[in-house]
Amino acid sequence: MVDDSAIRALEAKLVELRQMMEAGNVDLTEELAMLESKLLKLRREQYARMSEWDRVKLARHPERPRGLPLVEAMAHAFYELRGDRMGGDDPALRGGPAILGDHRVMLLFHHRGSTPEEQRACRHGMATPEGYRKSLRLMEIADRLKLPVISLVDTPGAYPGVQSEEQNIAGAIAQSISRMLSLNVPTIAVILGEGGSGGAIAVAAADRVLMMENATYSVISPEGAAAILWKDPSATPQAAQALRLTAPQLLELELIDAIVPEAIGGAHTDPKRTAEDLRATLCQQLTTLCERPLDELRHLRYKRYRNAGSARTPTDPS
Amino acid sequence: MVDDSAIRALEAKLVELRQMMEAGNVDLTEELAMLESKLLKLRREQYARMSEWDRVKLARHPERPRGLPLVEAMAHAFYELRGDRMGGDDPALRGGPAILGDHRVMLLFHHRGSTPEEQRACRHGMATPEGYRKSLRLMEIADRLKLPVISLVDTPGAYPGVQSEEQNIAGAIAQSISRMLSLNVPTIAVILGEGGSGGAIAVAAADRVLMMENATYSVISPEGAAAILWKDPSATPQAAQALRLTAPQLLELELIDAIVPEAIGGAHTDPKRTAEDLRATLCQQLTTLCERPLDELRHLRYKRYRNAGSARTPTDPS
Amino acid sequence: MPIRRDSKGRYVEVELRRAEETLWLRCRECGELVFRRKLKETNHICPRCGAYFFLTAQERIASLVDRDTYAPIESGYASDDPLAFVDRRPYRERLDEAQAITGLNDAVVVGRGMVDGRPLLLAVMDFRFIGGSMGQVVGEEIAVALERAAELRIPFVLVVASGGARVQEGAVSLMQMAKTVAARNLLAAANVPFIAVFTYPSTGGMLASVASLADVTIAELGAMIGFAGPRVIEQTTGQRLPESFQTATFALEHGVVDQVVPRESLRAELARALLVLSGDHNG
Amino acid sequence: MPIRRDSKGRYVEVELRRAEETLWLRCRECGELVFRRKLKETNHICPRCGAYFFLTAQERIASLVDRDTYAPIESGYASDDPLAFVDRRPYRERLDEAQAITGLNDAVVVGRGMVDGRPLLLAVMDFRFIGGSMGQVVGEEIAVALERAAELRIPFVLVVASGGARVQEGAVSLMQMAKTVAARNLLAAANVPFIAVFTYPSTGGMLASVASLADVTIAELGAMIGFAGPRVIEQTTGQRLPESFQTATFALEHGVVDQVVPRESLRAELARALLVLSGDHNG
């Protein structure tokens, strides 16, 4: 993370002054207000100075609001559906119908787990073919029951394992993208933490793609890019920069639609507000999307992905 | 099989007389013609006297035309598609696009294998979830490419195994029935040999259901029924009779549409004719079905299965 | 069939019994004699050992549906005995006996009701009626219920307690798989939710047709869920079956059901699912 | 990447080479120096040891399509370098070099042609161009080809030779997965057949998008077919990989491809598939 010794020192000072005041000796109201404003300024500055690699670390922050706890904080009701109906259930990619404000929706979300055992079971949010086939099943239900689909993307990528290959993970991802694009309901994807490669786009080919302010979205991890292109693990921060994987950069590239602001310091500093803000944003987007005729929605969706990241100028092939 | 000692004796006599005539000693043309006509009569009589259990044995006859060899004899071109795209391929349930006369179709068929090794690999025609998920994939392609679906049903039933249960064979069968009923193309099923229970209906819920003259179609095998209901394996022929599993009986029950005649003695006595007759019958049915508007076809299909085997008279529940 | 068990949720087989006539029931698990009226209060769970008693369709309905909201839908059909089937006994006799014992026309009861104030179309099977097997009447009743749910646009809930197809109706019973699936496709096309509840047992042709096509599947703890009978599998394959084979937990692990719940939570679980699914009637 | 092998069908890596300038090529498998023109006759199979030489897109097209029937469709797009990406070298330089070596604007060549008298829309990848990776131009060209095939209602054939996504285009390359899948959905909605041919290698983002959605998939013997690289899998999981891992045979056994054929049979195989699939132009 960014060097925050100055901030930490100021925070300690604040605690000290508050204790003095509570002890009743002196009125330090003015001094406290000044210090607090100073602290906020420092935080803002530091936050603005964050490198791409700092963002990656924030996106991966162990306390970042995500997965099931975020869903439970955000939804009024959530009924989890499990299993691909073909042999397994993946705890790393979850979902089910839910109520969000006034909207009934189908939620899909990656889950990384809190305890070490849970994290192992969820493979830190790397989903398997079972996960993507479950999400396919849930999309099918959403289409049938006219539930808009909302996906919360937070994965280092699809799980690379022998069994994943045996069960055709590539095909499962392709089917998931295809079905999401053909849904007869509005769709919203939120890149919540890490949006890692095929494992992310599998559930992110939506009508609206939002990104949390400190989320990242990339075709490869900075570590992977450093290893492959730089042949040097120490080039990871440099790779993070080159990949243009932050929300502002992706907005500039017109690959996402909007950024959901986080609390100063990152979403984990205020999980409650994160859940509330995200719910409010989603409900607002849903209201807008649900007003659109379905034909128009599907037409715009096709155009969006047909044109996404296109080369702008035809040049003569040499 | 039926007692055919009289027939065998007559056959031997015929061979003898032919040899004599070929040796050039005498003209036996008249005698030969009489004997041949007598033999035919005997065969007809015996064929007509067959019990239900005899039919079961004919349906299971090791030389009965079926599976890949029948398809190759019947189709002008056949391109086999393999795999469920999820982890496996089942050699017991196969299929692919084919050309049948003037019609392009999607074929689905059970395959039992000829050699002992192949029979083991095909589990004697008992398909697994992988097989039914492949057939689902092929139906999807058929729907997309507007190929009528023709299934040749010949299975003792779906494979009962631990892995079948782990991979949700019940769900795979249910999905297969459901997709077949919702297809936007005409569908024909032919009960070719054994039509065994859920494993058969999975690919037999068609617009037209034909049965080979000596095929059987039942919810349980006679052996199974004898074991469960009679608690006595020797009751098997009796169970075969009680189950009303022959083509004429099922036609009478209005569960099938037509019977495809076989050569006297059974389809295996003339495999070439079997293939030709079946192709001709299918092409004729296809021509009729393809003339119908799709809406009408789907409406009739719903009505057909909605009313299949219904109780005829409402009675007061006591 | 041998009952394999989840660690909790043990079903005990009880004798076929007439719905209203026995005052006391003996728990086959612990031997306790339990007063029938008492069982209603405990969700038909043995107060001494916690074993699950089999529920009649009516008992199941009463345990799930809001008081005084249930209205039966009666088709009035009874089996034709389409094959005039006779094994060691005529099927006709078995039907008469089952009808006499259960007071039902066949193995399923269909009606409307509310759960937590949300309306639903309900089809509940009764295992006492020839093992809850699916013949022409079960197929017909479930199809009627699905069509009614599609028409009224209210969720359909199927409570499964079925050994599979009605063997005595031969290929006629096989057709019920296609019939119920056709009716379910109609419901799906009408965008109406479908919830299946799997109890002991949920097997064979019932599982391989309409029951597996529910949007949401909830297993009661102790349910048996599978296509083929354990004995058939052992005989055909020579495989030894895993300890938890075809239990509710096994089904959950293999992606076949969404939730496994103890009997006492089933009603609340259903209410939770209906809350998020039944939009039109959302409070 | 290490080449895992089917028992037959060994690919040999050859140096990046300009399409028309080398007269002799050395087989890395057996050391034989082979006259280029000779290779054309042998389907680019080493006449001495049977190893498969990598094919350029043009060579692949020539090996599949009826003589004089091929007409290129040129989009004229070249990569924008949307991220202005620089690792140890600027991406711009890599692009210029690849364009100079291959004479192509990017890693795919699109055109119309006939196979055995049946028309098809063809997109063939060229592994020499930055490992056949999919960036904005590959995505665009494949989408154009799919749209054209949908419009003309003639079958689409994609010959894959791709290491995956174009890393240097970051999330832009990721979007190509959605783009090509969207265009494939359009083709599917137009009821037009789609055949994919997997060669060495068919991996990563290309496999996890449009390529996996073909109606028919044919693997060339010796192909490598998989999502994640073997090294990544070993490092992430610590698993030892099976000997046949990600080979064409492995893909066949796991239900991922319909057929595996040696290179010399590929054209006939394609003709066989087109015969049954392309009804409108059926002889």
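Here the chain labels run A, B, C and D in written order, and each chain numbers its own residues starting at 1.
Criterion: a contact is a pair of C-beta atoms (placed from the backbone, for glycine too) under 8 Å apart; a residue touches a chain by one contact, two chains touch by 3 or more.
On a predicted model such as this, the values are computed, not experimentally measured, just so you know.
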Open item on the list: What's the farthest chain from chain D if centres are computed as the mean of the Cα atoms?
Closed with: C
Task: Pair joined by the larger number of C-beta contacts - A-C, A-D - done: A-D
Open item on the list: On a C-alpha centroid basis, what's the spacing between chain A and chain C, in Å?
Closed with: 42
- [ ] Give, as an integer number of Å, the spacing between the C-alpha centres of chain C and chain B.
- [x] 33
Task: Inter-centroid spacing, chain B versus chain A (mean Cα positions, whole Å) - done: 54
- [ ] Find every residue in chain C that makes contact with two or more other chains and list them.
- [x] 212, 254-256
TODO: Would you please write down the residue numbers of chain B that are in contact with two or more other chains?
DONE: 85-87, 166-168, 171
Task: Arrangement of touching chains [line / ring / star / complete / other] - done: other
Open item on the list: For this structure, enumerate the chain pairs that meet the touch criterion.
Closed with: A-B, A-C, A-D, B-C, B-D
Open item on the list: Applying the document's contact rule, which stretches of chain C touch chain A when the two form their complex?
Closed with: 188, 191, 193, 212, 215-216, 252-259, 272-273, 275-277, 279, 282
Task: Of chain A, residues touching chain B in the complex - done: 85-87, 129, 133, 166-168, 171-172
Open item on the list: For a test of understanding, state which residues of chain A touch chain D in their complex under the given definition.
Closed with: 158-162, 164-171, 173-175, 177-178, 181-182, 197-198, 200-202, 205, 217-220, 225, 228-231, 235, 239, 242-245, 250, 253, 255, 301-302, 305-318
TODO: Sort out for me which residues of chain A touch chain C in the complex.
DONE: 77-89, 96-99, 104, 130, 134, 141, 144-146
Task: Sites on chain D touched by chain A in the complex - done: 74-80, 82-83, 85-88, 99-100, 103-105, 136-137, 139-140, 143, 165-179, 181-186, 204-205, 207-213, 226-229, 232-233, 236-237, 239, 241-242, 245-246, 250, 254-256
